[in-house]
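The following blocks contain the structures, represented as structure tokens.
Below are two complexes that have chain A in common, paired first with chain B and then with chain C.
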Partner chain A sequence: MAHHESTYNPQGRWAKWWDERLPVARLMNTQFVEFPTPRNLNYLWTFGGILTFCLVAQLATGIVLAMHYQPSGAEAFDSVDTIRRDVNYGWLISKLHAVGASMFFVAVYIHLFRGLYYGSYKAPREILWILGVFILLAMMATAFMGYALPWGQMSFWAVTVITNLFSSLDSIIPGLGTSIVEWLWGGYAVTGKTLTRFYSLHYLLPFVLTGLVVLHIWALHVVGQSNPTGLEIKTKADAVPMYPYAVSKDAFALFAFLLLFMWFVFFAPDYLGHADNYKPADALVTPSHIVPEWYFLPFYAILRAIPEKLLGVLAMFGSIAVLLFVPWLDRCRTVRSARYRPVYKWFFWLLVFTCMALGYLGAKPAEGVYVFWARIFTAYYFIHFLLVLPILGLIETTKKPPASIAESVLGDVASADPSKAS
Partner chain B sequence: MKHHFKMPAFASAIVLATALASAPVHAAGGGIEIERQDWSFSGPLGLFDRAQLQRGFQVYKEVCSGCHSINRVRFRNLVEKGGPEFPEEAVKELAAGWDYQIDAGPNDDGELVDDDGEFFTRSPLLSDAIPGPYKNDKQAQAAQNGALPPDLSLITKARNTDYTGPVWFHPIHMLKDIVTAYQEGGADYLYALLTGYSSQAPAYKRDNKGKLLPVKEDDVGSDTVERCATVTHEHDEGKKDVCTPMQEGMNYNAAFAGHQIAMAGPLSDEGVDYKEDASGKPVAPLTTDQYSRDVTAFLAWAADPSHDQRKRMGWLVMLYLLITTVLLYYAKKSIWKRLKKH
Partner chain C sequence: MTTHNDDNADPVRRDFMVLAGSTFAGVGAAASLWPFIDQMNPDAGAQALASIEVDLEPIQEGQAVTILWRGKPVFIRHRKAEEIKAALDVQLSDLIDDKARNDDLPPEDPATDLNRVKKGQEKWLVLIGICTHFGCIPKGQRLGDSKGEFDGWFCPCHGSHYDTSGRIRKGPAPRNMEVPPYKFVSDSKIKIG
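After this line comes the complex of A and B, so read on.
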């Protein structure tokens, strides 16, 4: 794919002048117009484009919000309320941003599970996958710091709980955890100083994220897209040019996604948030039940499933870190896609169910039967990646994929009767 | 090939459903079931009822404002579209005659205090925030036996209800709330709180194993009963249930977490005189129930003044997106038709 020859032919003197100096138009033409995309992609492959939209939307709304927001402990809560009440369309911009964060995660989780189902991480797409995991991490850090900014009760206590986790590092190197926590806090407690540095990082990280996304897209355009069969593009018949085929499909999918997005923004703007965040932060009043945003709940459940603090923290970060090794943990080399892995398919759905269950348990108090189930599902989460992927890959009898992408769409071209293969 | 992408489509639906279903829907309720009310502003089509907002403001002014501020709302908001929409002149008068003054800052001579050592104050203007009865939290607590009456500007957003049904139904319940755009948890809670007062805590009687069993008020008679704000059931054999009695000065409330609330029941029948219509009857019933509904609607607006504008714009946005999505679908279809079947 990377060796796909450019057929860009600049028209007129101006275009030629540019093409000899900075061939941006040629690059765009090669990578986003002529770029060959597998012709058998389903709608799960539209989430890359949707995610790009989410990132741009968050940047655009975020920059406007930053013009009105006051990142100080005394003013933050009031300034967010003022944005909603007195800034022109502030209620809309702030909700686009808050709901947008949730939609970003909806899309990224679908994107991630699509990769796991179709084996999109397998050679030669390891770097592409690993960049994706780093994007997820950067998103999580950005979202967490962003959630702190309204400086409501849940903001304050989420920051308190999560930053405190680092103190568990004291049990490895005495003093290390405490130092990190004090450095994060900018003092000896969560204060407005913490808020201000979170704000600074919340503005910085999206640019890191953007950089990672550029690398992710670059890596994608070097190795080409995976597809439901997991086969590579071999002939022209396997692919269609990105424009207008993939573009028209992505545009439709994006608008369908926007229907959901805007439903929340206009009709259920507070559904994905927490009522406690409409109370100003108060260091003296602990909410009865501290929970993170929904997209962190599975990880929060893993954290609390483990009775020892440091191990809990390691498991929580480990649950994301393990994704980095998926390309090598999965020992199945004969096929990529779960379509041809009758047993893996079941384990995949078990993992999906596990993540949903962990999400549910993360919203529950850490007591009694909830902890029991959180432990069961946490165990399976790691078993899936550390045992099922390697072992199953070696012993599973895979099905035979079609000979080519074209065949998977059009049927057996070579042996079909001529009337069908017109 | 159709069956091949049913699985991922199903997968995405599931992932999405989980994502949405695991969103927290709890908060202040403390596990107490709160009945949902039918509000004019419920659901994607609901809008505020002007007359109700006006009545609700009257209840706030005559009852709540004695202790609670709504200092994120400005007098001008009462005039603006989407709110109670009082006439501007009436609100100017209202502000000028408001019970509470605001700090005026130094006078023209640069003096900070008057001859008695008090800060200069003035009546609020249209552009001012509606001042509450207390200058600060300390003053409020001093006047209220240590309890702090919260500012009510965001109260309906800062409260919510708990899901109390069976676990297996929870995801379905959440999806239903998303589809019906349920956003009135705070209002439902507030209404339940305002109408949830009883003169005393419920009665219980102990059986011979030490379990506390509820007794209906009508059946109490001359029996000795225990009055418990909350009851903690002990699952271990041989242990007695624990009865938490009401504390001195607290009031029993069915909706409040722990059921003991410092605020006494603020509303009573005929406590607020609504204006009369042409036939000489009040525009709405003079009942605690009606007052509670009206003031809750008013406070729901106070917390979300752009509510009506938001939903109206939402309809246009959804309509635009629907049409465009359909057009894009057919555009995509016709483009993909160009592909030769080889």
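After this line comes the complex of A and C, so read on.
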């Protein structure tokens, strides 16, 4: 936290010499060693560290893939095949990258719902939360452009459908949408030119993402971490230093996460992908069942639930944009955490169920009963944020949280005092 | 050298300088941004891929072919008499989009079947074969393809049905499939573009 004094004491002349010129070691020590973390953090708080790992892993594997990949319409598909078959360890590195993108989204969704459950977005963490939403958007853009790169059938048609979302602007100003789409394509259709520019941006965006992550962590270290009680750190007894306590817990969780990650990489490397993407891009044939990657399915379901083109697109982008306003939509000011909000808790789980249901429906054909349910769940998604959060916040009777973080862990310290026992 | 006090002496003059200076820099920055945006637009080479001739002779009644023009699929269907009749029988009020969407006609012309083909050559329907929803390629060109509820084309991506005139009849697509600019150069040959 900002008001946390550094106790860093450089050992030796060399360390002192550096400390007077560029105090990096002091910064790291204050922010990542001594940094006070709430003593009651559960495993849901380990996903920030896991996400940092995912980002670094995508950068490392991506830069290696870029050494072998050919970003042209004619060569891309074959070069990805060459990476998989011929390049030494290419089979491993390309799958670490492809599965890594999915695992990145697993972690980010858990991280985000953790925030919604424990009210982590409430004052003073609004900027921290908003930076998180922008990180999600940058991740989505990066993953979408990355998915284009193998230039298989799914790549090609994902690019076609998603870039065409902008053509819906034609119904506001005729021609505007089409001009934007042709600008994105660099032609009158999706071609290798489109692929090449997506590759350039796919390389750029992860670094923008890194910048956002730095700001996100900076904001976190100004206001400090929240925790399952949603109480602030008030005394020394409420906190432990980040190292070794939080760091070892994070490391343990990371290894558990890696177990799942590596299970996919080694035993089900294609499970999260689509077989159609092993067919080269063909501008004349659309696969009969096109679906996005699993992490976009809920948004795809919202898009298709609405029969009007422009409104569908607006609802889809709106479903992410609404997250930006959550700190102000939630009117409950007495407590942060759902632990002390008996009614909100149920609505939270209803939202989780809604998102999973939308994910399921997004993978189904857009017809009949699937569309009906997609509409119901789309409606609840928006009702949750626009009506439930504000109204419930005003009328719900919250439970009384413990007096402090320490008390929530150790029980009532006074009554636990052996001298008082009889 | 003037004295320090002079710094504050003429605030109006200073404000003007700051305003003029930053406007100048702002306009310059905006202008130099344009090349970085415009480089992504289709270049003259892409625009020049203009026209292509297609021989219709080998296409039998009931058959369809797909060719590539400007990177886009163009559907050419040799319609059967009953398909033409079905298209002619449709009332404009039954259409989702009542505009002809024919690049050779004014934009406000109505979407009658006659406005979607060339006079005297009603059996030939030529379309840009792209679904006006999000750009998938509708099914219906190949034998055995599903042609949708209106016997024209069916887009499987989000379920749009087109009729035998390529007009949207059901589903999320907002517009009829576009008719590209083309003309008959002989009785059995067309030039697109």
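As a convention for this text, the second predicted complex is superposed on the first by the 415 of 422 C-alpha atoms of A that agree within 3 Å, B and C clash if a C-alpha of one lies under 4 Å from a C-alpha of the other, contacts with A are read in each partner's own complex, and residues count from 1 in each chain.
Basically, a contact is a pair of C-beta atoms (placed from the backbone, for glycine too) under 8 Å apart; a residue touches a chain by one contact, two chains touch by 3 or more.
Keep in mind the model is a prediction, meaning the values are calculated, not measured.
In the superposition on chain A, contact of A:P307 is made with chain C only, not with chain B. When the two complexes are overlaid on their common chain A, residue A:I173 makes contact with neither chain B nor chain C. In the superposition on chain A, A:I110 makes contact with chain B only, not with chain C.
Contact with both chain B and chain C is seen for A:S288 once the two complexes are overlaid on the shared chain.
Residue contacts after overlaying the shared chain place A:L394 against neither chain B nor chain C.
Touch counts on chain A: comparing chain C and chain B, the chain ahead is B. Looking at the shared chain after the overlay, A:L165 reaches chain C, while chain B stays out of its contact range. By the touch criterion defined above, A:F266 lies against chain B but remains apart from chain C after alignment on the C-alpha atoms of chain A. Overlaid on A, the two complexes show chain B and chain C touching the same residues of chain A, namely 288-289.
Against chain C, the residues of chain A that register as touching in their complex are 157, 160-165, 167, 171, 182-189, 191, 197, 283-286, 288-290, 304, 307-309, 312, 365-367.
The touching residues of chain B, counted against chain A in their complex, run 1, 4-5, 7-9, 11-12, 14-16, 18-28, 30, 44, 72, 77, 153-154, 157-160, 170-171, 177-178, 181-183, 185-186, 257, 303, 305-306, 310-311, 313-314, 317-318, 321-322, 324-325, 328-329, 331-332, 335-336, 339, 341-342. Chain C meets chain A in the complex at residues 37, 40-43, 46, 66, 68, 70-73, 133-137, 139, 155-159, 172-174. Within the complex formed with chain B, the chain A residues making contact are 39-40, 42-44, 81, 84-85, 91-92, 102, 105-106, 109-110, 113-114, 117, 228, 237, 240, 244-245, 248-249, 251-252, 255-256, 258-259, 262-272, 274-276, 278-279, 288-289, 291, 294-295, 297-298, 339, 345, 349, 352, 355-356, 359-360, 362-363, 408-410, 413, 421-422.
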